[in-house]
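One structure follows; several queries about it will come next.
We just call them A, B and C in the order they show up, numbering each chain from 1.
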Amino acid sequence: MTDTSSEFLPTSERRSRRILWLLRALAGDPMAVAATIWLLIVVLAIFTDSLSLLGGNRISLKTRNLPPFDFGQSWTLWLGADALGRPLLVRLIQAASTTIGIAVVTVLTSLIGGTLLGVIAGYFGGVVGNVIMRTCDIILGFPTLLVALFGLYLFGPSVSNLVIVLAVTRMPAYIRVARAETLEVRERLFVDAARVFGGGPKWILRTHILPSVAPTMLTLASVNLAMVMLFESGLSYLGLGIQPPSVSWGLMVAQGQGYLSSAWWLGFFPGLAVMLTTMSFNLLANWFRIVTDPSQHWRLVSRRR
Amino acid sequence: MALLEVTDLQVSFGTASGRIFALNGVSFSLERGEVLALLGESGSGKSVTASAIMDLVPNPPGAIDRGSIRFDGAELLQLPPNERRDLCGSRIALIFQDALAALNPVYPVGWQIAEMYRIHGRNPEGGVDKAVIDLLTAIGIPDPERRARQYPHEFSGGMRQRIMIAMAVALEPDVIIADEPTTALDVTIQAQVVDLLATIRKRSDAGMIFITHDLGVVAELADRVAVMYAGRIVETANVFELFEDARHPYSVGLLASQPRLDTDEDELVPIPGSAPNPVALPSGCAFRTRCPRAEGLCAEVIPPLETVGPGREAACHFPVSPA
Amino acid sequence: MSFTYFLKRAAFAALALAALMISAFFLVRLTGDPVNLYLPVDASEAAREAMRVRLGLDHSLLAQFSDWAWDILSLDFGVSLWHNRPAMDVVLEALPNTLALGAIALALAFTAAIVMGSIAAVNAGGWIDRGVNVLSQAAASVPDFWLGLMGVLLFAVTFSILPTSGFGGPIYWVLPVACLFARPFGTLVQIVRGSMIEALNATFVRTARAKGARDGRVTFVHALRNALLPAVTVTGDLAAQFAGGGGVVEVVFGFPGIGKLLIDGILKRDFAIVQASIFAVAVVIFVINILVDMLYGSIDPRVRVE
C-alpha cells in the first residue's frame, strides 16, 4: 500500500498522497462508492437525530397509518407513519443508531479481544495457547444463532448481554486468524529480532506483529459488521434482542408484521434499511480486502479496462 | 519451404504502467527434422514466442500487434479460432516448464494423456488405453498400468516432465516446442530428460524448438540457435558457428560468461549491467547500454537482422569480426 | 477415511458437546434462579416453590448433577412442559423437516451458484460479471426473515398464490426454501467466481488449451473441478449452520422444524425442549462435518489421507 517513491517525502505530504491514492482506489470500485454514500447518509441521519433536529416522535392521530410516498405531507412523513401516527422515517433514524451502534460495539469487542487472544496464543503458545484454541474449536462447532439464542435464554435479553453473546460467538474467527498470522511473523522474525536487537516480546509484538496482523483483522471486522447486523436484526425480530421501548430495525420489522396487509411499509422499510446497510458493509469489506492486498491494486487503480 | 516461419512478430501487453512490448519484431524459421534452440535470459521474450505460436496469448491484456506465423504454408494468425485450436496438440505441441503446475491435480495421469486422443477424436489401433500404456512405457515409466491411474502429485519431478513429454508426442506432431523443460529439474534428471528428447528427435522428423537459457543443453541438442534479447532475435547461426564464432556482442558475452573446464581462466566475465526494463527500453539497439562496442549509431537506429554469412544472421551495426 | 481418524473426530465432538451441556447445566443453576427458565418472571412464590421441588432443585448440586448426567446418557431429556410429551420425541419429529428444508435450499443454492459463478468468472470484468456481483451481494445481505415477510406480502396477501404459513403439501415449502436459498446463494456465487477465476488462470488450464481443448472443455472439465473444492467446504459449513440456524425463517412461516421448536421453547421457557434440541442439532452437525470431509476427499485426490 506504500508508494515507494514517496518514502522520503515529509510526513504530511506522504499522508495526503496516501489519502489521494485511497480516494482514487475508492473511485475505481463504483459499488464501494455507492456503499460509502449510503453509509454517509446513515451517519448524517444519526447525527441530526442526536442533535434533536428531527422534531421527535409526536403521536398524532391525524397521521395514523399514513401510507408513504405522499409528497404533499412534510418530509418526515414521506415513508409513511405507524399506528400511532409517528413518522416512520424518524423512527427509522432513531433505530439506526441502536442497530449500528450495537454492531459496531460488538465488532470492536470481538476485534480487540480476538486479536489479543490470538496474538497471545500464537506468540506464547504452550498451555494457554492450547486452551484458547480448544475453546475456539468448541464455540466454532455450533451455529452462531444457536449459541446466541442459548446465551440470551440463559442470561436474559439485555443490550449488554446481546453484545457479549454476539461478540463471543464471533471471536473464535478472529483468534484463529490472529494466531495464524502471528505464527507466520514469529517464524520470520524470531531469530533476527532476538539476536540483533535483544528486544523483548512486548517490543516485537507492538512493532512487528501487530502491524502485519492488522490489515487481515480489519478486513475480517468489516465482513463481520454485516453479519452481526443480520444476527442482531434476527434476534430482535424474534423478541430476544433489543427490547421495547428501545428500538432497532429488526424489532421494527417484528412490530410491522401485524400490519402486513394494512400498512406494509411498517415492515418493509426497516428491513430494507438493514439490507442496504448490510450490503454497504459487505461491499466496503470487499473493497478493503482488495486495497490491503498489494497484488490486487491494479484492479482499482489501473487506467486500462 | 520452411515448416514453421515466424516473421516480424510483435506482441504487447497492457499493464497499469503502460504497454509492454514483449516481442519487438521476432523473425526465425524452423525446418523439418531440425532442432532450433531459442536462447536468452529471463524476460527476453522466449516463452511469449511459444505462447504466440500456440494461441495462448491472453487477449486481453495481451495482443499480437503485427507479424505472421506460417505453419506448413498456412497463415496461423488468420485461421478461424477453432481451426487454430485444433492444430494445437495434434500438429504443434508444447511441453511446459513446470510439470507440477501444468498437470491438472484432480485427474489421473493416464486420463490426461488419453485426453489428447479424445480432444482430437483419434482412435488408435488397440484402443486409447493401450496407446497410453505404450506411450508411458516408451518414455520410461515403469509399471505403466498402475501408474496411469495415479495422480500428478504422486510422481517425482523428472517423471512428471516425462509425462508432459508423452502428452506432447502422443499424436506425433510436426512441431514440438519445449519451454525450458529442464530448468526445474536436478542435474541428473536433466540428463535423462535431454536423452529422452534426443531419442524422440531421432525417431521422428518433427521440428523441435527448444527454449532455454542453458548453454550446455543447447550444445547437446540443438542444430541451430536463435539468440533473443529484449524481445528481438539478435543472432541466428548453426550451433557450431555460434559457439566458436559468435558475431553479436551479446552472444559473445553469453559464451564468455560461462564457466569452462577446458581453459585455464580464473575469473568469470559477466556481462555488465542488467536486463533492460521492458517498459523503458533503450533507444536504438536495446543491448547498447551493456555493449563494449556501442557507438553513436547504436542509439539512433535499431539494427536490422542481416545476413552475415551463409545461413546466419546478426542484428548489429558493428558485429564481432569472424574468428 | 481411517477408523482411528473417525474415532478421534467422534471423541472430540462428544467432548465438545459434553462441555457445552455441562457448562449449560452449571450456568443454569449458578446464575440466578433456575426456576426463571421454566416460569415467567412474575410467577407467584408458591408456583416457584412447587416448580423447584418438581425439578429436584431442592437436592444438593451433586445429586442434581448425577441425576441429570444419568438422564442425558440414557437420552432422557425430560418431559416438555408445553407439549406434555418426552422432549426427545418432539425433537425427533421436527428434525427431519428442518433437514429436508435445509437440504433442498442448499442444493438449489449450490447448483445455481455454480452456474452463475462460472458465467461470471468466464466474463470476468464485463457487464454480466458486474451484474452477477451486485445480485450476489444483495442476496448475501438480505435479512431472511424480512425476505420471508415480503414474500408473504407479495405472494400470499397480494396475489394469493401461496399460503402464508402452515405445513402440508409442496406448496407450503416454496417460500421457506426461497428465503433460505438467498444468503447461501449470494455467498457461494462469490466463492465460485473467485475460485473459477483462479482456476482459469492456472497453468494446467494453459496446458489444456495447448492440447487443443476448446473453451467449453477447458471451463467445465478442467477448471470447474478444481474450483468446486472451496465451494464444497463452504457449503459444508453452511449445512452445519442450517442444522440449527434456519430457525428465524421457520418461525416466520410457522414451519414445524427444529429451529422453530427451539425458539418457541426459549420464548415459552420450556427448558427440556431447549436442551433436547441443542443436543440433536449438535449430533447432526457432527455427522454433516464427517460427510463433508469424505466428500472433499472424493473430489480432491491430494487430500486423501495415506
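Keep in mind that, in the parts below, a contact is a pair of C-beta atoms (placed from the backbone, for glycine too) under 8 Å apart; a residue touches a chain by one contact, two chains touch by 3 or more.
Just so you know, these numbers come straight off a predicted model, no measurement behind them.
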{"item": "Highest-count interface - the chain pair sharing the most C-beta contacts", "value": "A-C"}
{"item": "Chain whose Cα centroid lies at the greatest distance from that of subunit C", "value": "B"}
{"item": "Separation of mean Cα positions, subunit C and subunit A [Å, integer]", "value": "23"}
{"item": "Subunit B and subunit C, separation of their C-alpha mean positions in angstrom", "value": "54"}
{"item": "Residue numbers of subunit B (touch at least two other chains)", "value": "none"}
{"item": "In the complex, subunit B residues that touch subunit C", "value": "54-56, 82, 85-90, 93-94, 96, 98, 101-107, 115-116, 119-120, 151, 153, 164, 167"}
{"item": "Complex contacts: residues of subunit C adjacent to subunit A", "value": "12-13, 16, 19-20, 24, 27-28, 31, 37, 125, 133-134, 137-138, 140-147, 149-150, 152-153, 157, 240-245, 247-248, 251, 262-263, 266-267, 274, 278, 281-282, 285"}
{"item": "Residues of subunit A that touch subunit C when the two form their complex", "value": "31, 137-138, 141-146, 149-150, 152-155, 226, 230, 233-234, 237-240, 250, 253, 256-257, 260-261, 264, 267-268, 270-272, 274-275, 278-279, 282-283, 286, 305"}
{"item": "Touching residues (chain side subunit C, partner subunit B) in the complex", "value": "202-204, 206-214, 217, 222, 225-226, 299-302"}
